[in-house]
Structures are given as C-alpha cells and as structure tokens.
Amino acid sequence: MTAELSAPLAGVRPLNRARPQLVTAYPSWFYLPAALIYGVLFLFPTIASLFFSLTRWTLFDWTFIGLGNFEQFFREPFLFQGLVNTLIYGVVTSGAKVVLGLLLGLLLTSDIIGRGYLRAVVFFPVLVSTVGVGITFTTMMHPTQGLLNESLALLGIKGPGWLTDPRFALLSVAAVDVWKGVGLATVIYMAGIVSIGSEYYEAAKIDGATAWQRFWTITLPLVKPATVTVVTLSLIGGLRSFDLIWAMTKGGPGFTSDVIASVIYKQYQAGFYGLSTAGNVVLFMMVAVIIVPLSWFLNRGETDR
Amino acid sequence: MLNFKTGTLVSAIAGILMGMTAASGSAWADDVTLSFLVDNAPSTVATAEALAAAFEAKNPGVNVEVESRPGGGDGDNIIKTRLATGEMTDVFMYNSGSLFQAINPVQNLVPLDDLSNFGNVLDSFKSVVTGTDGKVYGVPFGTAMGGGILYNKKIYAELGLSVPKSWAEFMANNEKVKAAGKAAVIQTFGDTWTSQLFVLGDFFNVQKAVPSFAADYTAGKAKYASTPAAMKGFERQEEVFKAGYLNEDFAAATFTDGVQKVATGEGAHYPMLTFAVSNIKELAPDNLGDVGFFAIPGDDAASNGLTTWMPGGFYIPKTTKHLEEAKAFANFIATTEACDVQTAAAGAAGPYLVKDCTLPSDVPPVVSDMLPYFQTEGATAPALEFLSPIKGPALEQITVEVGSGIRAAADGAALYDEDVKKQAQQLGLPGW
Amino acid sequence: MNRARRYIVGGVAIVASIFVFLVPFAFIILTAMKDKKQAALREFSWPKEIHLWDNIVEVIETRDYQLLTAFVNSSIITVASVTLLVIFGAMVGFVLQRRPSRWTKIVSFFVLAGLIMPPAVVPTIWLMQSIGLFKTMHGFVLVQVAYGLSFTVLLFKNFVSTIPRELDEAAIIDGAGPVRLFFQVVLPLLKPVVVTVIVVQAVAIFNDFTNALYYLPGKQNVTVQLTLFNFQSQFLTQFNLLFANILLITIPPLLVYMFFNRQIVAGMTAGAVKG
C-alpha cells in the first residue's frame, strides 16, 4: 500500500542501533502467534509441496516418481503457452497500472472540479468482487449481443470476439484486470505525490522550469518509492493471477488464455494432485526468479543513499 | 436502502426460525437424516428431490436432504476432494464409467451387490459401475441417453430434407440449410463440455471400424492420432467449422442458447446428448415437438448406429454414518416405482436400466426417435468412457480449439493422446 | 492552474469516467432491475418494468435462504480474520521494526516469501484434513490470516518507524511492560494504518473466492462469493437474478468504503510521507 514495501524486499536497511535497556520492551514472543499460524498453514504445506511434487499422489497414498511430474509439466504442449501468457499478463497489467495509476494520481491531486467524485469512482472497482466483475464484463463483451460491440456497431465498427478470439482473449482479461486494479495504484501514487514537498516545485518555478520539466525532474524521481510498490505488487499479483481469468475465460478458447495458475487448477480439478503441486513449485520459482532480482534492481538507489 | 435492509432482516429472522423448527422437529422424532449430493442441473435436482420425497414417504423416520454442487470439472473436483478427505455426504449421485473409475471406488465406496433388488439392475449398467475388484458399487440414477444430433424438424420439412444416414448426406443437408440462411450446425463453446460430441458421439463408428479399439486403447496400444477411424471425430469437427456452417456466436454461446436455437429453428443441428430434452421442456416448452434426433452418421449409410451414454450412478461412500438407511434408499432406487417417480419429476430422456421399467407412451420426438436404435440389434454402442476407465480431462478444451480453427485436427488428436496418458498413469494402469 | 483549465480538465475526466466506470455499474443495476426475458438480451437499456425488489427477494429465497447463510458466514470469517490479522500483524511489525536482532533478517525473509509464494493448495488441504481444520470456519479463518500476514506486517512495520521511540521510552520509564506498551501506547498511534489494513484485508477476504472454493466445501459453510459462483450455473438463463446477486454482495464492501473513505486516503498519505 505504501511505498515502504521496498525496504524488506531488498532485505537491507540500516539497522537501528540496539539499545539494550529497551530490548525487554520488545519481546520476541510477540512473533509467536503469527509465526505459529504462518508456519503451520503456509510454511509447512509449502515445504511439503516440495516433496509431494515428486510423487503421484491421491491424498491417501503416494508413489515416488522423481522428477516425472516436472518433466510432464514441461512436456504439456500448452504449458509453454501458459508460461508465455503468464509473463504477458503480468507485464501488461503491471505496466498499464503504473502508467495509468501515475496519470490518474497526478490528475486527482491537481486542482480540478469533481475531484472527490473522481477519486471515489476510480477506487470503487477495487471493492467489487472479482467474480462479479468477471461476470459483468463477460456479459458486456459478448461477441454479438454485448454492450461493447453493440456500441462499436453504432460507430460502424465490427468489434471482435473479445473473449472468444484467441488473439484478444488474454488481453481483454488483462484490460479488465487493469480496470479493476488501477484504483489501488492510483491511491498509492496519490499518497506518493502528496508527500513531495512543495518547496521543490517552488524552487523549480523560480528557475523557470516548464510543467513538463517539473514532472520529469521532480515528480517522477520523487515518486519512485510509489512506483516500486505499484510495480512489485501488481507484478506479483499479475503473475499469480487466477480468479479473473477463471471467471471470464477459464483459460479459453481452448488453451489460448491459460496462465500457469489456471493450468495448476485444471490439474488439481482432474485429480492429478502431484502434478498440480509440481505446477505450484514451478510458479513459485518463476515468480521468485522475476521478483527478487527486479526488486533488488529497483531498490539499488535506496540503499546507496 | 432502508427498505432493503429491513426486508432482509425480516427474511433472515424467518430463515432462522424455519431452520430452528426443522432442527427441533427432527430431534424430537429421533430421525435419521441422509445427506444426498447431486449436480445442480435443474432436472437432476428435481429428480433427486422427487426420489427423496418418495423414499421418505415409505420410510417415516428418515429425512433426505438434497445438496447440490456445480457440474463439469468443478463438480469432479468437489467429488474427488470430498471423498479423499472423508467429507462426502451419506449418499451421492455421480457419473458412471471412466469418471466413476477415477474416484477410486474400491477404496471409497460401499459395494451394493447384496441389495435385495440388485437383480433388477440391468447387466449393461452393472458393467459401468464395477470396481477393479469385480464388485458393483452403484444403482442407476436416471435413464440411458444417446449422443447424437438434435435437429429442427420444421427446417427439415421446409427444405425437404431427410434424416441423413451417412456423413456425406449430413454435409449435403448442412449446405442446403446454410443456403437458406440459417445456422446449419449449432456449437456452444461458451460451455466447453458441449464441444465434445463430434468426438465422443462418433464412437459407434469407431467401434464398427476397429472393434478392438477400446481394449487396445485401455492397454495403451491404440491411439487417437494413429487410428484413422478414431481421428475422424476430430476431422469432422474441423470440417464443419471450415465449411462455415456454425452459428455466428458459436464461440460464446452457452448450452441453453444452443437448446433454444435448435428448438426455435434458429439453427438446424445441435450435436448433444438426449438429456437436453428436459432443457427443451423447460426453456422452449412450445417447441418440444419440433426437435428430433439422429445418431452421428459415419461414412457408410449401411452401418448407421448410435453411441449411447449410461446414466449416472447412485453411490454410498464408506464414510456414511447411516449405512442401513443409505442402502435402503439405494434399494428403493432399483425399483420400477422409482423409475416412475423419476419420469414424473423430469421426464425420461431414454430407457431405464432397471428391469421392467417402462416409458410413458407420449414421449417427445427426441426420445421416440432414439428408441428404435435401442430396439435394433447391433445399432448401439456405449461411449468409450463406459468401455475404458480413461478419459482425458482436457478433451473439451481440445475440441474447442479444433472446432474453432485454432488447432488442426491431427494436432488435436495427438494432444489428446498426451492428456489421456496422464489419466492412465494416475490410475496406475499397466502398459503406460 | 487557471480557472478555465480546472473546469475543462475536470469536465473531460468526469465524462470519461462516466463511460469507463459508471456504465459497467449502471449495467449491473439495470440488469438487476429487469425481468428474465429482457435481461437475457444483455442490453444496456431502461427496464420495461422494474423488478428489482422481486429479483432480490427471489435471489435471497433461492435454496432455502442460502444467501443469508452465506452473508452470516462471510461476515464472521471477515471480522474474525481481520481482527487476528490486525493484532498479530501489528505485534510482529512492532517488534520487527523496534528490535533488530538475529531474528530480523529471518522474519523479513519469511514476510517477503509469504508475499511472493503462491500457497500450496493441495498439501494445505491434506494438512487441514489431518488436523481437523478442513471444512471448518475457524480453519478457514486461520488460512486467511496465514495468507494475509505478510502484507499486514509490512504495512505495520513501515508505519511503526514513523512513531518516535521517545514515546516508548516515556512509557517504559512510567513502568509499562511490553503488553501495556504495545496495546495502550503503540496500537492507538497506529490507527491510520489499522484502518488501511482493515479496509484492504476485509475487502480481500470478503471477496475471496478461490480459497473458499478450495477449503470450505459444503452447504453450511457457503460464502457469498461461492453463492455467486454456484448461481452462475443455476441462473444461466436468469441474468436478472445473477446481477441482483452481484448487487447485493457489493453492498458490504461499499459500506466499509463509505465508512472509512476519508481515513483511507489519510492513512495512505500518512504512510507514504516517509517514502
């Protein structure tokens, strides 16, 4: 939510000098309740998944098959498609959220009429359930009767099958994802923009900088923490995304809008528990391989300071 | 807003009160409550509730509570998870054949061979609910069905068409329907499961050409991609798409759209299972008489026949706490009386698999068109999923791709062979 | 910005917002008001007759008032999960920020891991089943807490650093133990970020569909998102009822938002000041 996501992601931050007399005021057992829940219900299953991904598993009993599941997973002809789709989806949604979120953030912190209304309306989709949004847009994107194509028809344009044409399905879902999530990015940017001291702008004005120059040399660098937060959060969300895709296309038509998370779910549905768990491990690796270096890169400047 | 809130509150209180009286009522009578899980198709729910009511009437002291679940892949998932985790209801209804094999019946279910009415169940049904240990685990819920093509009789009459016996005749009919400006073949890929009929419904023709296919396929020796007769289903799906015979919104239309289109004459042919007759009755009751049925034709008009589907089974999980009552319920379902209850509740989509059960004389044309296949020796073959425990879970996505020109037929068949392999391995079959 | 631009830019933005954001909501409301036949046309049009109330009543009555059970369940789950998240998350964030030790790095690593890693669903089901938590409301609450902790800890940790240590010291000199220090001194000061956590997590948990699908099967445990999912197949031909359902289940998050609207922006701004 706030820009400080950056710090723990980098894992480095100058440590506060310990003051021994205060240590007892901050007891380690404060970690305990959270650690217990997290350890049992998140950490343990995750570690167990490393084992079960190497088995053929029916929940009662398992057969150890080594790397067979991973081999199978990478041989699935649609898995490669799912991998590429996952990347496209993550990059497109997080890129669009950064650009649109920043623009909307600037707009909604400037002095315009209807600002309160606009802030509310941009944020509102964040509150609606993903399944509800999915159903609504699926209905509006119907190729022949949907609102979208009927409106385009009024302009004399024959709209495509947004969710049924393999060329558009994934991007249409991504667009809805952006529609639903841009409000959160906007609010993060608004918070970042508001916190920039007005003295910077005053100084720039005295120097005769144009609005464009002020944006480029002051706003953009100084909202970087907000950008880091938006990029990281939306990329993690995008790569793991499942709900909206499932509610809108179920990975279809065919396998053309499948992402790794939906492939995993389908294997789970089919009762291939070991294979599904292996998919989980693959997804985890993929997210880690992208996010960890990225956040290190984005936070480099911070630690230099 | 205020209105809404008070309204909700009133309904909430009403709901709670109702729940309380129900609970205290049952406690007082010291009743047994059987929970009964079925899929949420309206006709299934109606049938299940009618059976429950009839059984309760005969067995005071037993309540049956029908619980519904989604159909399709989500439903498979729920059944598997609940069985695996011991959370299954006291009795439940689920597919027979390969899906039945996939829920590990020997480990999860109670054998029903010892029911007193067990002899009433026809052998053809017993064979599709038999576990690997040779015991029978289910009684039939519903009727047998045919998988073929629903057609609009009015269009056929207007254009002077006759029911095709060969694929060439079928395609010729399609050409004429298209020329008349209607959708020749209705496809509804908005519900992906509806896309599988050209492949699954062609099995009669596959078996005619390669009688050993089912056995070889189970043993991992025969493949779709390398058996020309089996590939035909994929090729035909592609052919129909390429000829431009499909309805304009085929990619987004849903099963109910398809039923309405074929009933009201927006399209001529809809490849579907005959259980759709109950949906026609619900969605377009006035057009029930306008829809007929024929089997998916093969190359040769001389050997025309129907691929049939067995009804789902009624099963008892080992985890039930009321085994005696559950068995009594199963025993009741295997009677002619239960058949009549089902017919009254949802109509019959085909013949029953319980001895001496009869159909009413005024069945709709979809059903009466299908019955002759059953009455002719050698004119039916069960779908592959009833002869082999393996059915790949991704078939519906593959047929959507082939049927909308995203993937070539040969490629689709090869992909399906891969998919099937996973299922066979999960089941631990030899030869994979 | 001069007066004219203030109006022009604002006006353009308002018009655009109508098409982009209001039309979809209007579509939901209009469809929820129609009768079955008109709703099936998927049109964006004024209903011929207004059936909003009938549709709502019908949706609520479906399957023995399932939606009401679902509302009760979802509310219990949401309130319980968010309460635990706030308390446990704040405790961790507080100590994590205040007391650097050999634990700091380890805890930070797990916080990060929790944020990135997709939960291992099937092993979780298997585990919950073996310890009797599967298909129970309290088990589900604990799962939501486990999944929401990372983000919550991050928010708290960052906000704690804006609270001057001198306050802690003063309280300690007054003789406060760690529990009193935390609950009476620090937690009240965390109010802006507590509000943010409540809103974000409450909305996320109330709207959560996937986890409910996995961990809460069964009729008694149904949540509002599951009813929507179940009704989707049952109401295939009844868009009016489907959209009435969407409308109903959007009301609680909307109320939360209206209630906390001002604090959200304040909380986020406050949290971002030190960015």
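General remarks:
Labels A, B and C are assigned to the chains in the order they are written; within every chain, residues are numbered from 1.
Throughout what follows, a residue touches a chain if its C-beta (ideal position, glycine included) is under 8 Å from a C-beta of that chain, and two chains touch if they have at least 3 such contacts.
Bear in mind that the values here come from a model prediction, so they are computed numbers and not experimental data.
The touch graph of the protein chains shown is complete. Of the two chain pairs examined here, B-C and A-B, the one linked by more C-beta pairs in contact is A-B.
Separation between the centroids of chain A and chain C, computed from CA atoms only, is 16 Å. Between chain A and chain B the centroid-to-centroid distance comes to 39 Å (mean Cα coordinates, whole Å). Those residues of chain C in touch with two or more other chains are numbered 125, 129, 229.
For chain B, the set of residues that touch two or more other chains comprises 74, 85.
Annotation for chain A: residues touching 2 or more other chains are 59, 142, 145, 268.
Interface residues of chain B facing chain A in the complex, by the touch rule stated above, are 73-74, 76-77, 80, 84-85, 102, 104, 107, 189, 192, 248-249, 251-252, 393-394, 397-398, 400-401, 404, 406-407, 415, 418, 422-423, 425-426, 428.
Of all residues in chain C, only 53, 56-57, 60-61, 63-65, 68-69, 125, 129, 134-135, 213, 217-219, 229-230, 233-234, 236-237 touch chain B in the complex they form.
Touching chain C in their complex are the following residues of chain A: 1-5, 7-9, 11, 15-16, 18, 22-28, 30-31, 33-35, 37-38, 40-46, 48-49, 52, 57, 59, 107, 110-115, 117-132, 135-137, 139-140, 142, 145-147, 150, 179, 187-188, 190-192, 194-195, 225-226, 236, 240, 242-243, 246-247, 261, 268, 273, 276-277, 280, 283-284, 287-288, 291-292. Those residues of chain C that touch chain A in the complex are listed here as 1, 6-7, 9-11, 13-14, 17, 20-25, 27-28, 31, 41-44, 84, 87-89, 91-92, 94-101, 103-105, 107-112, 114-129, 142-143, 145-147, 149, 151, 153-155, 157-159, 161, 165, 168-169, 172, 178, 181-182, 196, 200, 203, 206-207, 209-210, 224-225, 228-229, 232, 239, 242-243, 246, 249-250, 253-254, 256-257, 261, 264-265, 268-269, 271-275.
For chain B in complex with chain C, the touching residues are 4, 7-8, 11-12, 14-15, 18, 40, 42, 67-68, 70-71, 74, 78, 81-82, 85-87, 254-256, 283.
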